[in-house]
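In what follows, structures are represented as structure tokens.
Below are two complexes that have subunit A in common, paired first with subunit B and then with subunit C.
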Partner chain A sequence: MSKFWGASVIEIKDMISYKFEVFIWGILNPIMLGVYYYLWHSIYTFSGQTSIRGFTFGELISYYALTLIVSVITWTNVDQLLAGKVRDGTLVNNLLRPLHVFTYHLYKKIGGTAFTFVGQALPLVVISILFINLRITSLPNLLLFIISVVLAMLLTFAFSFLVGLSSFWLIKYAGVRMIRSGTVWFLGGNIVPLAFFPEAWQKISNFLPFQYMSYSPIQIFLGRYDLYGSLWVIAAQLIWLVILFVLVFSGWKVALKQFSAVGQ
Partner chain B sequence: MAIIEVKNLKKSFKSYKRGAGLLEAFKILLARKFEIKRALRGVSFKVEEGEIMGMIGPNGAGKSTAIKAMCGVMLQDSGNVKCLGFDPWKQREEYVRNIGVVFGPKPLLFWDLPAIDTFFYMKELYDIPSEEFGKRLSYFTKLLDIADVSRNPVRNLSLGERMKCNLVAALLHNPKLVFLDEPTVGVDLIAKDRIREFIEKVNREEKTTFIITTHDMGDIEKLCKRIIIINHGKIIYDGLLSKIRGKYIKEKHLYVKLENPAKSFKFKGCNITSVSDYELKIEVNLKEQTVENVMEFLLKKFKIADITISNPEIEEIIKEIYRK
Partner chain C sequence: MKFWRIWKGWFKLNLSSEMAYRLNFLLKAVAFATFDFFGPIVALVIYNVSQGLPGWSFEEFLLLQGTFIFSTGLVHLFFWGFSGKVIDGVRNGNYDIELVKPVNPLLLALATGSDIDGLPRSAVGASIVTFALIKLGWAFSVVHLLAYGSLIVAAVLFLLSLQIIIASLAFLFVKSYTMLNIFDVLTDVGKNPITVFGPLGTAILTFAFPIGLAAFYPSAAILGRLSVLQVGEVIGVAVAFFAFSVLLWQFGIRKYASVGG
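And then the complex of A and B:
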């Protein structure tokens, strides 16, 4: 517990020393929301439809507001951090500590999220409630949503770390990072809801981890699943979490041998 | 009892080769040439508890590779490493609780935060009891005189200040075994003295074992009784520093002041390095000649005012050993 406390406090202190960076994102996210609002407002107006693929305009804007809120919580650059440490060899410092590198970064991520939640997510929540009429559908839905978002955060984190392990072989990682974050962004439903994708793809998507990183929790919030459907989402998230954790910890051992096989 | 036992340690690295120029850079797209660099070719030694052992050797000799294997951050190709009863690679997370490491100027501290934040992080990480932590921190802070600098962000510190803070961070959890890879590189003379005194004091008071690699013979002479010299991945000397003179000194230097003008002469085993008005500098090769014979010869030949006999500097001896 004290290790968790130590590492997360360090991250919060780090963020406080760069409060401007956090503040910038706090401004950018509401602007993004405004862009979505006007874009879809004109699409709905000109198409003359009241509902597109089962989304009314109000629902769709709520959906986008939620993707922004959820992405504040799930956002991670752990793969980039790891790649940097592999490249300049400072990973050695982490290896000399009695705390697994994955766990260390996870603790820091949680500390950092506590900070960005207050600095970025809460303002978005307030703006969404005031200006775009974001409302909870039911209290159980809200509770299930919160659980599901926490799991989504862990999923995104584990997936990013797993992809980041490739940096032990690639050394230069920027390209893979673009693909990693793009995949999570697109297949997680951050650009358009997965309901807008072809039917066949939606079926495939059920067997991939990405929709559980953003899309499914939001669907729970919007009340699009019954209780059984929501619990199934959480079960699927847990299954993926176990799979990714096994891959991360076994992949780590292989990657570490690679690290020490090259002169640093 | 030996707290480090290294047996027949071997490690090779693959390193990719390419020439200069754009064409050469394209060539590696077709065929990557690599060569195997044998960093350690069978190294064995033991370290006893409470020792300060110096490891020296030219760049690329294999010192750092040996340290990495002992710290558990590198898997050896073959051979055995046992430190404090642990297998460093296999039991790393447990093992590293008991050691402290400083890898030269590589930052150990959180870059954007004051060092004091790192110290408090160490407290949480190693579960150091508050009372002990406070005592050690104020003691170390005073010894190294870093009360002031430990409150500035690390990125604003000078190399020497950062090094001192590194040392404190590595020793707060009272490790039994400490590895220091070039602890005085880039550090000014006064700070160097402080760091050396600090190491000596911690070693004496807490029986902490230190393994130090360095290129500064001052560190070695001040701190280490025993040294290991590594070159080309092999140990070429393992023993007391004081004995290295006896083993490797093949000559003595004579500095002679005369009452009458000096002139050059020939004598078996003597090499006259300089002749000025009333002075002579002579190197005596101990294989061919004894110092006594030379003295006797000189006394007969010149009117001598003063004579000084000296050994070559330890640095000269080490240089000689590296060249082999």
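And then the complex of A and C:
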């Protein structure tokens, strides 16, 4: 437990020294929400539709607000950090610590998320409640949503770390990182809800981990799944988590053999 | 001339350094191209599930998306690295070295700001624009094409002005990396027809923060929806914004303390 607190507090202290960078997103996220609001308001008004693929305008804006809130919680740059350390050889410092690199960064991520939640997500929650009528559909949905978001955070983190392992073979990692973040962002339903995509696409999505990183937890919050459906989402998240954890830890052993500690 | 000579030299250097890591370059090119296709895919989704945006057919909206990618891709190609380099120099306190060189510091910074990653982006943007125009059955018009070209140049000038403003703020506040995030978010507003933001929003995005230049106005021009006067007005706004950014740069550089931060 002390290791967890130690790593988390380091991250929080780090973030406090860059508080402007953290808090500015408290302003930028509402601006992004405003853009979605006007864009979709225009589309709904012009089309004269009260509902698009089961989403009323209010539900869709709530969806985007939740997307931004969830992304504050799930966002991670662990792959970039790992790649940087592999590249300059400083990973060796982490290897000497009595904590696995994955676990160390996960603890830091949790600490960092606590801070960014206050600085970035909370303003968005308040604005969403006041201006776009974001409401809790039911207490069980809220509880299941919280569990699902925590799992989504772990999933995103594990996936990013797994992709970051490729930096042991690649000298420059920027390209892979872009592909990773773009894939998670797009296939996670952050730009447009997956329900708007063709059915075939949605079926394929069910077999990929990305929808469980953002889209599915939000669907739970919005009450679009019944209890069974919500529990199935959480079960799927757990299954993916086990798969990714196995891949991360077995991949780590292979990747570490490539590491020379002298940098690249 | 001197500017372009330095720019060319820097571009070659940038290119050879990227070619040293070909796989990374290829992956980045694929990533940029994929990212840039998200806009058109979203357009396809929007028009598939609804009637789309008022005043913009699917092909027209595609043209707008392509134009946005094209103009931002050009800025990326020509000047993208500029503000980051200035911020780095100011933050580390070693920007002095740029000041003693026998070239205007702003021109030198701009000339060494090219980024090869902008090339696939511009190419994707140009392809989408061409595809959309073919789909629209666009009747070739030199006037409309000239208006489009002029407005693209104005768009690049405006986006460059934003970069200059961000770099200038580094002289005043030292840590202005966050401004790059602000730049990204505000620039993204330009992906949409600015008329969706209502009359006040349209006025703001035309005159106060003319991000409408990034896609809306060039697209409207090539579709023949702007008069010559309107084109001139919008170009005037871009020039005014550029002049403001240069003034801010000159003010900022006088405040440069050389101590880092």
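Just so it is clear, the second predicted complex is superposed on the first by the 260 of 264 C-alpha atoms of A that agree within 3 Å, B and C clash if a C-alpha of one lies under 4 Å from a C-alpha of the other, contacts with A are read in each partner's own complex, and residues count from 1 in each chain.
Note that in this section a residue touches a chain if its C-beta (ideal position, glycine included) is under 8 Å from a C-beta of that chain, and two chains touch if they have at least 3 such contacts.
Bear in mind the structure is a predicted one, so any value in this text is a computation, not a measurement.
J.: Could you say whether A:Phe20 touches subunit B, subunit C, both of them, or neither, answering first, second, both or neither?
T.: Once the two structures are laid over each other on A, A:Phe20 reaches subunit C alone.
J.: A:Ile31 in the overlay: touching subunit B, subunit C, both, or neither? Say first, second, both or neither.
T.: second
J.: Which partner does A:Ser47 reach: the first (subunit B), the second (subunit C), both, or neither?
T.: Once the two structures are laid over each other on A, A:Ser47 reaches subunit C alone.
J.: Please tell me which partner, subunit B or subunit C, touches more residues of subunit A.
T.: C
J.: In the superposed arrangement, which partner chain does A:Ser138 touch: subunit B (first), subunit C (second), both, or neither?
T.: After superposition on chain A, A:Ser138 lies in contact with neither partner.
J.: Given the touch rule stated above, what does A:Ser2 touch, subunit B (first), subunit C (second), both, or neither?
T.: In the superposed model, A:Ser2 contacts subunit B only, not subunit C.
J.: Quick check on the superposed pair: does A:Gln202 touch subunit B, subunit C, both, or neither? Answer first, second, both or neither.
T.: neither
J.: Return first, second, both or neither, reflecting whether A:Arg97 touches subunit B, subunit C, both chains, or no partner chain.
T.: So A:Arg97 only meets subunit B here.
J.: Considering only the contact definition stated at the top, list the common interface residues of subunit A for subunit B and subunit C.
T.: Subunit A residues touching both partners: none found.
J.: For the complex, which residues does subunit C have touching subunit A?
T.: 21, 23-32, 34-35, 38, 42, 45-46, 48-54, 175, 177-178, 181-182, 185-186, 188-189, 192, 196-198, 201
J.: Would you pull the subunit A residues touching subunit B in the complex into a rising list?
T.: 2-3, 5-7, 9-10, 13-14, 17-18, 89-90, 92-93, 95-100, 256-257, 260-263
J.: Note which residues of subunit A are touching subunit C in the complex, please.
T.: Answer in residue numbers: 20-21, 24-25, 28, 31-32, 35, 38-39, 41-49, 52-53, 170-176, 178-179, 182, 186, 191-192, 196-198.
J.: Which positions of subunit B touch subunit A when the two form their complex?
T.: 13-15, 37, 39, 65, 68, 71-75, 92-94, 96-97, 99, 101, 103, 106-108, 110, 112-113, 117, 120-121, 123-127, 153
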